[in-house]
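Here come two complexes built around chain A, the first alongside chain B, the second alongside chain C.
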Partner chain A sequence: MITFILKKLGKLAALLAAISILSFILISYSPVDPVRSYIGAEISRISPEQQKNIEQYWGLNQSKPQQFLQWAKALTQGNLGTSLIYREPVSEIIIDRFSASIALMGLAWLFSGVFGFLLGILAGMNEGSLLDRLIKSYCFILASTPSFWLGLLLLMFFASWLGWFPVGLASPAGSLTGEVSFADKINHLFLPVLTLSIVGVAGVALHTREKLIEVLNSEFIRFARAKGESGIKLFWRHGLRNISLPAISLHFASFGELFGGAVLTEQVFSYPGLGQAVVKAGLGGDVPLLLGITLFSVIFIFVGNFIADLLYVVIDPRMQIKPSHD
Partner chain B sequence: MTELISKYLPLKRSKKRNRRKRALTFSVLGVILLLILVGSGFLIDTQGLVVNFDEANSAPSWSHPFGTDWLGRDMFVRTVKGLSLSFWVGLLAAFISGVIALILSLLLLVNKTLDSLVTGLIDLFLGVPHIVALILISFMLGGGLYGVIIAVALTHWPRLARLLRAEIMQIKNSEYISVSRHMGKSWFWIAQHHILPHLMPQLFIGFILMFPHAILHEASITFLGFGLSSEQPAIGIILSEAMGYLSSGMWWLAVFPGLMLLVMVAVFDSLGRNLRKVFDPFKGQKH
Partner chain C sequence: MEKLKKIPFSETKEMKSLLEVKDFSLSFPQYKKGFRESYIEVIKDFELTIHPGEIVAVVGSSGSGKSLLADSLLGILPENAEIKGKIYFEGVALTAKRQQQIRGKEISLIPQSVMALDPLMKTGQQVQSSIQNKKEKKRIQKEAFQKLGLPKDTHKKYPFELSGGMARRVLIATAMVSEAKLIIADEPTPGLDEQALEETLTHIKQLSENDRGMMFITHDIHAALKIADRIAVFYGGETVEIANNEDFLGKGENLRHPYTKALWRALPENDFKALKGNQPEAGEVFPGCVFEPRCPIATDFCKKNKPKSAMVNNGIVRCFYAES
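And now, the complex of A and B:
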């Protein structure tokens, strides 16, 4: 068990190192001039000497490997640098933004998991029926739906037309942090969470359906049927145990898609989360923030995959590492 | 007994054949639909793209089936043009990613070090959220249309590579390969004559199924504002522009372009699944 965790941590370290090198190379060859993007429209107001000074101050005249080593050294000390757009330490922005994103992603993850699982069970138990075909085509259509378009439609219908929900942001415009009530937060979260949940259902549902059909074709199910069990009782006793672990595990392993969906959804609803920050960083040439969020998202996905693997080892007795016979 | 068998067997067989035939019919229909979509992008009159304030903000009608935007541009023309751009981006991405996936997975045959390098690279790419990888690459290329195209093309190979690698792993240990090896054939010769023919169906279907992903990602990243400028007709641009006009009640700006994109992606997706049934009946039947 401990070796398993250590092995995974080693893998994470290797992954982070490789990704930081690769993304550093990618970014350092960008034609986007950091000084220019830092100063913005007022670039004409400063003299070339001042530009040189800024470059000197940032160490842009050093060689690329030197720049990388400096950045990596600061990184290992927990210093991710300062964001150019927000003028705040990157680590603070990430924590701040992520706490907004996690509410969105967590709720959507939970809802899509529960509904996807239920739909998958309904389809799998009635394989070939009209219900099954309906659920299946619903999932296939969902998989082809651009999530941001779905968000736009929901926004148009519920916020603009019916006026039930606010058009964007995480709290009413112009209010202070302390004044935002819980109801306000829920009100602002509802549509983004709905969008992200609807999109996330397809994968879980299709996987659960397939797995359940596979289980239902096995011999122990035939035996149970021969004993006279059927319907919900059969499913409860023999089906659920066999399909729940793979489904939960798969759902944990889908953090990458969740993150991608959140980036798009946050953009549609102008929700101030991590996804919106990474888009702003990419568009505004904010290198420290872009690198910081990239590394953070890698850790985020890794945690999901790690939990998925761990669940098998911890819960499923068949997967337990057998003690050696000595 | 024999009577029973003869009663049920042909019935079952004919049913199966129908299933494959149906898949083939659907595939042909899908290809025709896609040809119409892409062909009309070529042939359509670009007159509708000209700014025309007399007809600005008009709702869908017979002369403008998808309505017009605030500059009086015909939304139908913009949508069709955008879809044809999406198609070309998808084609290029699927082709480049397919080639990368094939070459990298074939490195499995060369030696172990190269193969573990490849698996490392696959893990690396799958470890970053796809959108973030797209943003990083298009940032490196300084944005623009080419930045978007290259970013989409370079990031879709890992899943296919993983699939092909597993397939090669299976074939590699089969008897006829080791016979061929003992007869002194090189790995290159074996890859060419014994392995590639096996991979063809997987590769082809992987190629088709890469389209929907690539098209959706292209639309997503242009929607986020990377790359294309607003004169270029792309579905992502159209939708991000439509976002500013949501509260004005101009629903047609967002509904139709997005719906057309969905149709195109869904057609590609069902084409891929139907072709799998045709080419690989054993695996295809399970889905």
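And now, the complex of A and C:
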């Protein structure tokens, strides 16, 4: 088990190294001029000599590999740099933003998982029925629905027409941190969470449906029925076990889509989370923040996949780790 | 024709039967473009009687609907299946409701494939679930495993940890621990080598002790002859003959139906000559005898008339030209 975890951690390190090199190359060739974006609108007030000085100070006149090594060295010491837009250390922004995002993503992840699983079971149990076809078409439509578009629709309907929920942000505009109540937070979270949950349902539901149909047609269900088991008992003993593990693993492995969905959804709802920050960083040429969030998202998605792998190993008796090979 | 010599099956006096199946047919609706077009008859005019302590083999080639026969007796057919005919278990009609009550308890199945074990449940637990006596289930399961020569720690293992032979013995154990009076073994010996086959058959034979009856479904006539008292030959969804084990002798002179004779002669140790042609597909309808297209002794009469089952020489046959 320990070797398994260590191997995975080694893979994570390699992945992070590769991603940082790749993103560094991409950003260094992008048209974003760090000095220009650092100074912003006041660029005209600064003489070219002063600009040269800043470039020198930042080491921009060094070769690219040298620049990378410098950045990587700072990175290993835990220094992600300072955000140009927010004028705060990148690590602090990530922690701050992520704590807002985690509520959104966590709730959406939970709801989409639970509802997707239930819908999948309903459809699978009634394969070929009207209910099954309804759930299936619903999932196919959802699977091809962009989250930002759905977010806009929900905003139009619930926030603009019905006025039930606020149009954006994580708390009422103009209120101090201490004044924000729990109800306020929920109120602001509702639509973004709904958007992300609705979109996330499709994958789990379709997968669970497929798996359940496969299990129900299996030899061991026939045998269990021949042994006199039926109904809920049969489903509980033989059905649920065999479909829940793949569903849970799949859901953990969907952290990537969750993160991608959150980026767009947070943008639509102006929700101050990590997703919104990454969009701002990209558009505003905030290189340290962009790189920081990229690396963070790698870790986040990796953790999801890692948990999925681990669950299989821990729960499924068939997936025992063989120390001899691999 | 020697019709006079035959006594209709229904009039024979039999000892108390465990299972009696009469005029049984099984069909599935066939849909074409969304409309119910017709029914495909998979099993028709099936008859069989099993007495306590008796092993009756149902021999038929693959795809002749043998497994569906097992499912019909257990009442676990797909919902769209339609069945007709009479099934009696211990003299009382076996209705769907009764099937639900007694399956696993009084009628037990030994499935064909080792995939019939739930991959995520320990074998001991799976066997224990079919033990009626809940207090003693651990002991009973242990004893059964011991009797079948399974290692002591087998009950703690998952199916994937067992070899094919061990898994097969676990399946037999489920039938052994149940208090079933009738055991349906659905091809329990697929593709086994000589030694494994011998071993499995011995275990299965053990099950028929204590006056249990057994229906042994197989395509392997050798296996059937090794343990069965009587052999029902299944062709095109029908029972064409029910012969006694002793009838399979020499060139098959004692056998009644031309198909059974052909099966017997096709064996390597006999003539090793296979009959030409194939079994009819499910759903093919014959106005006459189902075997007529391949029958070496068929006449025009067989083309137009369906032979009824009749008692010939202490066996049952469905042929106009069966001689005693």
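Rule of thumb we're sticking to: the second predicted complex is superposed on the first by the 316 of 326 C-alpha atoms of A that agree within 3 Å, B and C clash if a C-alpha of one lies under 4 Å from a C-alpha of the other, contacts with A are read in each partner's own complex, and residues count from 1 in each chain.
The rule is short, and it goes like this: a residue touches a chain if its C-beta (ideal position, glycine included) is under 8 Å from a C-beta of that chain, and two chains touch if they have at least 3 such contacts.
Remember, it's a predicted structure, so these values are computed and weren't measured experimentally.
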Exercise. In this superposed model, does chain C or chain B come into contact with more residues of chain A?
Worked result: B
Problem set entry | First, second, both or neither for A:298, with chain B first and chain C second | first
For this session: Check the residue A:316 against both partner chains and state whether it touches chain B (first), chain C (second), both, or neither.
Result: second
For this session: Name the contact category of A:263: first (chain B only), second (chain C only), both, or neither.
Result: first
For this session: Considering only the touch criterion stated at the top, classify A:89 as touching first (chain B), second (chain C), both, or neither.
Result: neither
For this session: Return first, second, both or neither, reflecting whether A:219 touches chain B, chain C, both chains, or no partner chain.
Result: second
For this session: For A:229, select first, second, both or neither according to whether it touches chain B, chain C, the two together, or no partner.
Result: second
For this session: Name the contact category of A:238: first (chain B only), second (chain C only), both, or neither.
Result: second
For this session: Using the touch rule from the top, collect the residues of chain B that touch chain A in their complex.
Result: 120, 123-124, 126-132, 135-142, 212, 216, 219-220, 223-226, 239, 242-243, 246-247, 249, 251, 254-255, 258, 261-262, 265-266, 269-270, 287
Seminar exercise, completed: chain C residues touching chain A in their complex are 71, 74, 76, 100, 102-105, 108-109, 111-113, 115-121, 129-130, 158, 160-161, 171, 174, 178
For this session: Name, in rising order, each residue of chain A that touches chain B in their complex.
Result: 15, 18-19, 22-23, 26-27, 29-32, 140-141, 143-149, 152-153, 155-156, 159-161, 167, 210, 256-257, 259-260, 263-264, 267-268, 275, 278-279, 282-283, 285, 290, 293-294, 297-298, 301-302
Exercise. Taking the complex as given, what residues does chain A use to touch chain C?
Worked result: 218-220, 222-230, 237-238, 241-242, 245, 316-318
